[in-house]
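Chain naming follows the written order as A, B, C, D, E and F, and within any one chain the residues start at number 1.
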Amino acid sequence: MPYVNIKITREGATADQKAALIRGVTELLRTTLNKNPATTVVVIDEVETDNWGIGGESVTVRRKRGS
Amino acid sequence: MPYVNIKITREGATADQKAALIRGVTELLRTTLNKNPATTVVVIDEVETDNWGIGGESVTVRRKRGS
Amino acid sequence: MPYVNIKITREGATADQKAALIRGVTELLRTTLNKNPATTVVVIDEVETDNWGIGGESVTVRRKRGS
Amino acid sequence: MPYVNIKITREGATADQKAALIRGVTELLRTTLNKNPATTVVVIDEVETDNWGIGGESVTVRRKRGS
Amino acid sequence: MPYVNIKITREGATADQKAALIRGVTELLRTTLNKNPATTVVVIDEVETDNWGIGGESVTVRRKRGS
Amino acid sequence: MPYVNIKITREGATADQKAALIRGVTELLRTTLNKNPATTVVVIDEVETDNWGIGGESVTVRRKRGS
């Protein structure tokens, strides 16, 4: 009955890509820790690039600089 | 001074329902653990059904199948 | 299929009190939003008072002062 | 390599203010704990006032009352 | 630069199993969303069974019943 | 009434350092966003190095290698 929260920047992930992420991480928990897929919960948060910081600056600023 | 985070799928919860949730969980912490309502914080996150997985698939897919 | 995370300071909550919290919040989600108790997940985090701050100081310091 | 999550009500914080928050908290972790800014991650969540509760009621209701 | 938080009950996961989880989820984010492994952060929380509830009761109680 | 969660590896942060972190981030929210310190909550989580991954491996492994 694991709970997984995945945070990514909101930059166009499709429903199919998110479905693959949900399927993959649920399967990973089954194979590595024998966790029951039926009660594995996955929540994906997509975060605006203005609201995500790394290295002391926002991803918006980094993307503009080409980082 | 508890902090409570409630995550639900975004499927039309009204402001009144969310107010009832805030009131109820704050009261529950008072009655079970004697926590001070004045400093009890509750944050509700409503998550798109594409971004919520259980059983290895998204809630969007489950809803379409009638689960 | 809600997910609830409750953070409280680690100050001696008993297993019975935590069970009451789990039962109460699960029931609250059923009555206010018609959520299925079978897939409602509740995780309680107990946090050391040195690691919890409010008003710019730790709960350890506040408790010593009698706040 | 710290991870910081800051939750505030969605009430018009600007990109500049959020950038200042990201810069400030990254710098604070460097000065207090010698954490490497390059791998310090900051995520800001802006939460609707209907979805934030304190004292058993939503911030929306409190703002209307002038609190 | 994703951030992943995995919560599981504390029931004896080994360092090797947790390393496999970290490796697997980092790789999954690379293959599904082209995320850079170098800045993918994974945090695993192991939660006491008294502090994890599902179906309105703690995992401790469920384990005793054989669920 | 912001809520801040800071996750760091458990590697000997002292109560004084954590108090400085609580004081600093509370003050930062006051100066950047005019947030009321009295209701600013800060929770620090210290995470075992086996349970923290970056670049696809645990911090335990990285520390051994001298990274």
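What we mean here is this: a residue touches a chain if its C-beta (ideal position, glycine included) is under 8 Å from a C-beta of that chain, and two chains touch if they have at least 3 such contacts.
Nothing here was measured: the structure is a model prediction, and the numbers come from that model.
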Can you name the chains that touch chain B as well as chain C?
A, F
Given a C-alpha superposition of chain A onto chain B, how large is the rotation in degrees, taken in steps of 5?
120
Relative to chain F, the most remote chain by C-alpha centroid is chain B
Compared with chain C, which chain's mean CA position is the farthest off?
A
Could you check if the interface between copies chain A and chain C is built from the same residues on both sides, meaning over half shared, or from different ones?
same
Approximate Å spacing (C-alpha centroids) for the pair chain C, chain D
21
Using mean CA coordinates as chain centres, what's the gap between chain B and chain F in Å?
25
Could you say which residues in chain B touch two or more other chains, in rising order?
1, 3, 7, 25, 39, 41, 43, 45, 52, 54
If each chain is a dot and touching chains are joined, what shape do you get: line, ring, star, complete or other?
other
Chain pairs satisfying touch are A-B, A-C, A-D, A-E, B-C, B-D, B-F, C-E, C-F, D-E, D-F, E-F
In their shared complex, chain A is touched by residues of chain C numbered 1, 3, 39, 41, 43
Can you list the chain A residues touching chain E in their complex?
1-9, 13, 17, 20-21, 24-25, 28-29, 32-33, 35, 39, 52, 54, 59
The answer for chain C against chain E in the complex is residues 15, 18-19, 22-23, 25-27, 37-46
Chain E to chain C touching residues, read off their complex
7, 45, 47, 50-58, 60-61
